[in-house]
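Next, two complexes with chain A in common: one pairs it with chain B, the other with chain C.
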Partner chain A sequence: MRRLGHFERVMVIWLAVSAISMTLAAVFLTPILPPGNGGAEASGQRFDNEVLTLVSILVCALIFVYFGYVLIVFRARRAETMDGPPIRGHARVQLLWIVTTTATVLFLAAFGTYELLGGAGGGQGSKPVFKSFSSDQLVSSKDPPLQVQVIAQQWQFTYRYVSDGGFESAQLVLPIHRQIELHVTSLDVIHSFWIPALGIKADANPGFDNIAYLTPTKVANVRIQCAELCGLFHGYMFDTARIVTPSAYAAFVKSQSQFVSPVTKYLPKYSGNYLPDPAFRAG
Partner chain B sequence: MNRPLWRRLLGFHLGTGIVLGIGGFYLGWFGGHWIVNGLSPASLGYFGDTGQNDISLFLGYLLGVVGFLVGLGFANYPLARLRGYPPTLREKEEHQGIGRFFVLNTDHKVVGLQYFGGIGLFFFIAGLNAMLIRFELLRPQPNVWPAGNYLTLVTEHGTMMMGMMTSGILGPFANYLVPLMIGARRMAFPRIEALTFWLLMAAGVILLSGYFYGGIPTGWTGYQPLNDQANMGMDAYIMFFALVGLSMCLLGLNMLATVITMRAPGMTWTRLPMFVWGVISTAVLMLLAPPVLISVLTMSAFDRTIQTGFFVAAQGGTSYLFENLFWFFGHPEVYILALPGFGIVLELLPVFARKPLWGYRLAIAGFLGVSLLSWMVWQHHIFVSGINSDLRPFYMLSTELISIPTGFTFLCAMGTLWRGQIRYRVPMLFCLGWVFNFLFGGLSGIFLSDVPSDVDSHGSFFSMAHFHYTIMGGLIFAFFAGVYYWLPKMTGFMLNERLGKIHFWMMFVAFNSTFGPLFALGFMGMARRDVTYPSNLQGLNDWVSASAFVLGISMLVFLFNLVYSQLFAKEPAGANPWDSKSLEFQLPSPVPVHDFDRIPVIVGDPYGYGEEGSAVARPSPVPVPAGGGA
Partner chain C sequence: MSSLQKLAGIAAALVVAGVLIGFYIVDILMAGPKALRAGTPGPNNSINLTIQTVAAAGSTLTANPSWVSYFVRDSSNTWRHTTIWTLPAHTLVHVTVYQFDGDSGLRNPFLAKVRGTVGNSMTVDGKSMNVLNPDDASHTFAVPQLGLIVPLKGVADDAKNQCDFGPCALSTAHQTITFSFYTPKKGRYRWQCFVPCAAGFLAGFGGPMQTLGYMDGFLNVV
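Let's look at the complex of A and B:
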């Protein structure tokens, strides 16, 4: 049997290393990847993170194995300077590399686009294009999405329950198994409404209604935080949302709307944004 | 030159520049107060007024910069030309000794070393800010710096690094080496070359003055409308970035003009060293991107001073305008930071693998491809902002396409090492460190370009770790590779090899130990720029802080090496300490003022390792007198 050449050895080691490391990653790493399984969007993002992690491990293994091999085997073994063979390129290897990287990149872009069609949990502006979760068994399709407005200001979030009478509350309470349509806006500077565990992130821009879709699936208390630098107390702009069962949500709506009903009638009429009089502009 | 001291202090140099700069600042400060107070009689009380008066501060900065440049002597030549004196290309190049670094000097080698010192100073200051940030993050609640001071530290660190280090490689190395590599005796526009350096120094001082005007709360992105709301430190940010933009633009113009018009006979495009190709692909971005930055900053300055409403929603403006314009500049800018590093790595690998560069044309295609694609990706910075949700697949695709030309660079590096005679000198170690770090930087970029993943990691420590891997792990490692490789050429003395290896291993391990865990922290939901964080993340944050301090100490090892080997040990480098075939190593170290005794005729590319009788150049048959000619 003939001895393997350098290139074949690199390939064999690479395949072995990738097989081992991808198995290890699939067992130990991918189950703990964020953002977990708290909602349909979060699960989608986690699937993306898993696929990208495994692709990255494949690439990493190739580069590490190649460099490790080359740096050990082709090190200069003598003190005096000797030149290596004058190889200036190899057309077939270059072509192979271009084809492979292009195919990988196109696959990743197509994969990302396909995953995005589910909505992905990002802020999509006032005319969202990707919102279809109707095929998802988690959501009963006859219910219209539950509209909740998130009003950001320095340095807190206020929530307006548009679908339930338009009252405002400082608490975010959401039911599971229902598609929620978050309308995110700001009163002053740019904020970003982020629930890490649910995979929701939407910038709050003044004068703009940014819509993001959310479908929680687990009862939990989750952290909300501002993800866009918004001034002095940005670091303190965090909060907790309660994800509850539909019946608990109904109870919350009943008690809250009664509790705040005296002030609800003084609130401005619901709209996508609330701009102050230009005479009172910041700055 | 036995003139008395007072006579020597008179004249156009840094000292005069500082005096006139301060004078100009107060002239503008007074003038601004005088205007906004309804042209009432000027009062000494304005000196003590630090209240919100953006007009007077902007005027102060503007006139201060003008005074600084006049004091350095930038007005002399235009005025002399107006008075009918003949044109010249050189200024103060005959000066020797330490004094030549503190004047307007048109020698490209002096400007290169000026950049090395000046940018090094600000790199050090910005690095200290990073240490203070990590000091604060030792605990989940604020313990050293209150929230406002913390944000100012974050902003000063980010803005200083992003602004100054854009010229981190082009400033010191391209100014010094591009004329030597293409066989020229000067840059195309020597005075503009000096101007880019002194503009940057004025900008750095202005940014630091932001500490004294209430700090800067926005981070290096300076998003509106927070920018509009912030106090006067913001004016320092705006002025700093505008001056840096101007400096970058002129630097890019100068580089392009030099490479296009001043190549020696025989230096065809396919014989240019890869470093020069890195400079070209960067210079295109440097020339075209900063005008957008300067215009968006001008709009911000108008919003802050004369009450326009470009970014104020209530007056019909929009914050998206700022985000789009800023990132239209900002994404090319991050490639301005990265591409020169690609150039250095591909330039150095053949020298230390003792082989010709593998796939020269593919590498050029890679550089130019990155340069071109970097214009088409900027909205991936605002995937969750709510703008253009149906265009996100396009920006995802264009962003991921950049991996293809970047992959060319990796392939050429891999091919160059294949069957080589690899020598592990310090510059080579830094190049390999670049490969390692940039691999992680690039792969984490795939997560950020994939929209569903980006929704999770955008604005978190994950993206922060990503760009530190590409910029610090890419640019700074390549920068140090360049320092260890070319500084002996510039000064004539080697840097100590053993201290260099200590520096490398300390920096490499501490760098990965600092920024690797930040990926995990980002995945655990830690947002950028927060002075507080969930207390369960404290352990990992403390580990990161401790590593960051070691990273800071590794910079001190480098400083020690620099001082020790250049001022005390003084081990002579000789003309060609690395057995390089590149043109600059055929000159004596340090390079004489006139560069080439005779302009060389180029007969090959500088990568002919292992090829019989290969040479990069032979002397010109036509004698050109030393110090003369173009």
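Let's look at the complex of A and C:
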């Protein structure tokens, strides 16, 4: 039987180490990768993290196996004072290296681009290109996206339910299995609207309508926080969003719109670029 | 100078520098208003909290006399300049606000709705209200973590005998706003004004709006 060469041995060890590491990672690591499965965007991001984790395991395993192999096999076994033979280049190794690294980088670029096409949970500006998971089977195609305006101000987010009469509330309550179209803006400085568990993050800029898509898939209470240093109480600019069933959402809309009705008449007509003029001494 | 002397000199300089830096850090950490055990005991596990809002804090108690500010009355009926108030947990707090400032107007009209108080209402000069015309707001007392917000009606521009500098006497023009709320469990809850009321600062959101002791503070619930 032919003895394996160094290259073949490294490859065999690498494949074995990779298979074990990837199995362990798939069982123990990937289930706890952020941001979870609270929404279509979050699930998409977690899938990306899983793929990237597994790819990085392959790369890291190759590096560690190679270094380990050469450290053991090519170690100095006695006091040697001479240099090793000079390496003048090896066309096959160089070709293999170029092809492998190029293929890896191109795969990651193509994968990232493809994943972006499905929507990544980020703010896309006022003219979004990617409509996110609207084709997701979890979302009823007959329902148009639920429009909610996120209004950031020092130091609280408030929410205008554009699709449900235009009332405003200090609570963010959203139904599951419905695509949500968030219109994120600010009344003062730059904020950033972030729901880590749902994989949503969109900058809130004054006078700018930053649109982000969200499709919750699990009933849950999730944390909202500002992700842009915005002044004295930036660290206190957090809140909790409630993801509820469609019937619970309908009940919320009914009760909350009634509760805030005395102030709804004072609200200006809805506009994506919601930036009232500074009044009085605020100029 | 021997090497030993040089080393001793460097060590001494390092110690002096360390001590000075330490003093500087402690000074920064200790800066800002001191917490005040606010409120006077009332009946049935309740307390009374009396505060006032002024257009200019004055030089008697503050370092920024031209800034808008809150004051709080302590148990000896003395006005104090601090916005960090210590309150007991699970207690009904009856708040009286003497509002001496003129109106600035809310940037977000939604915040003109009274929320989080007992009955989701307040009284303004004895009249019960659950919403204020947003243009009439001078300040707000808001604790977002508790869902509490009370817009404070401004004094009319043409009111006579207006107060120039705080703390203001009740003989000068003011609005009296009352409301009650329950303190939650122990914790630190920030409160703030939402009206861009900082005259002379960009969009009205600088200076006193960004400084503890003026239009922002904490409720230390113990």
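Note that the second predicted complex is superposed on the first by the 258 of 283 C-alpha atoms of A that agree within 3 Å, B and C clash if a C-alpha of one lies under 4 Å from a C-alpha of the other, contacts with A are read in each partner's own complex, and residues count from 1 in each chain.
Assume a contact is a pair of C-beta atoms (placed from the backbone, for glycine too) under 8 Å apart; a residue touches a chain by one contact, two chains touch by 3 or more.
Bear in mind that the values here come from a model prediction, so they are computed numbers and not experimental data.
Within the superposed three-chain model, A:V189 lies in touch with chain B and with chain C [touch as defined at top]. Within the superposed three-chain model, A:L232 lies in touch with chain B and with chain C [touch as defined at top]. Touch criterion met: A:G123 reaches chain B, while chain C stays clear of it. In the superposition on chain A, A:F74 contacts chain B only, with no contact to chain C. Set against each other, chain B and chain C touch different numbers of residues in chain A, with B touching more.
When the two structures are aligned on the shared chain, A:V27 is found in touch with neither chain B nor chain C. Residue contacts after overlaying the shared chain place A:A170 against chain C, while chain B stays out of touching range.
Applying the stated contact rule after C-alpha superposition, one finds that A:L267 touches chain C and leaves chain B untouched. Overlap of the chain B and chain C interfaces on chain A: residues 188-189, 231-233, 236, 276, 278, 281-283.
Chain B meets chain A in the complex at residues 142, 147-148, 150-151, 217-219, 221, 223-226, 228-230, 303-304, 309, 312-315, 318-320, 353-362, 382-390, 392-393, 396-397, 400-401, 403-404, 407-408, 410-411, 414-415, 417-424, 432, 435, 439-440, 443, 446-447, 449-456, 458-460, 523-525, 527-532, 534, 579, 607-611.
Note for the complex: chain A touches chain C at residues 151, 153-156, 158, 168, 170, 187-189, 231-233, 236, 239, 259-260, 262-263, 266-268, 276, 278-283.
If you check the complex, the residues on chain C that touch chain A are 103-105, 107-113, 115, 120, 130-131, 133-135, 142, 144-145, 147, 149, 190, 192, 194, 196-200, 203-205, 209-212, 216.
Residue ranges of chain A in contact with chain B, taken from their complex: 6, 33-35, 41, 44-45, 48-49, 52, 55-56, 59-60, 63, 66-67, 70-71, 74-76, 81-90, 93-94, 97-98, 101-102, 104-105, 108-109, 111-113, 115-116, 120-130, 184, 188-190, 192, 194, 196-197, 199-203, 205-208, 210-211, 223, 225-236, 238, 273, 275-278, 281-283.
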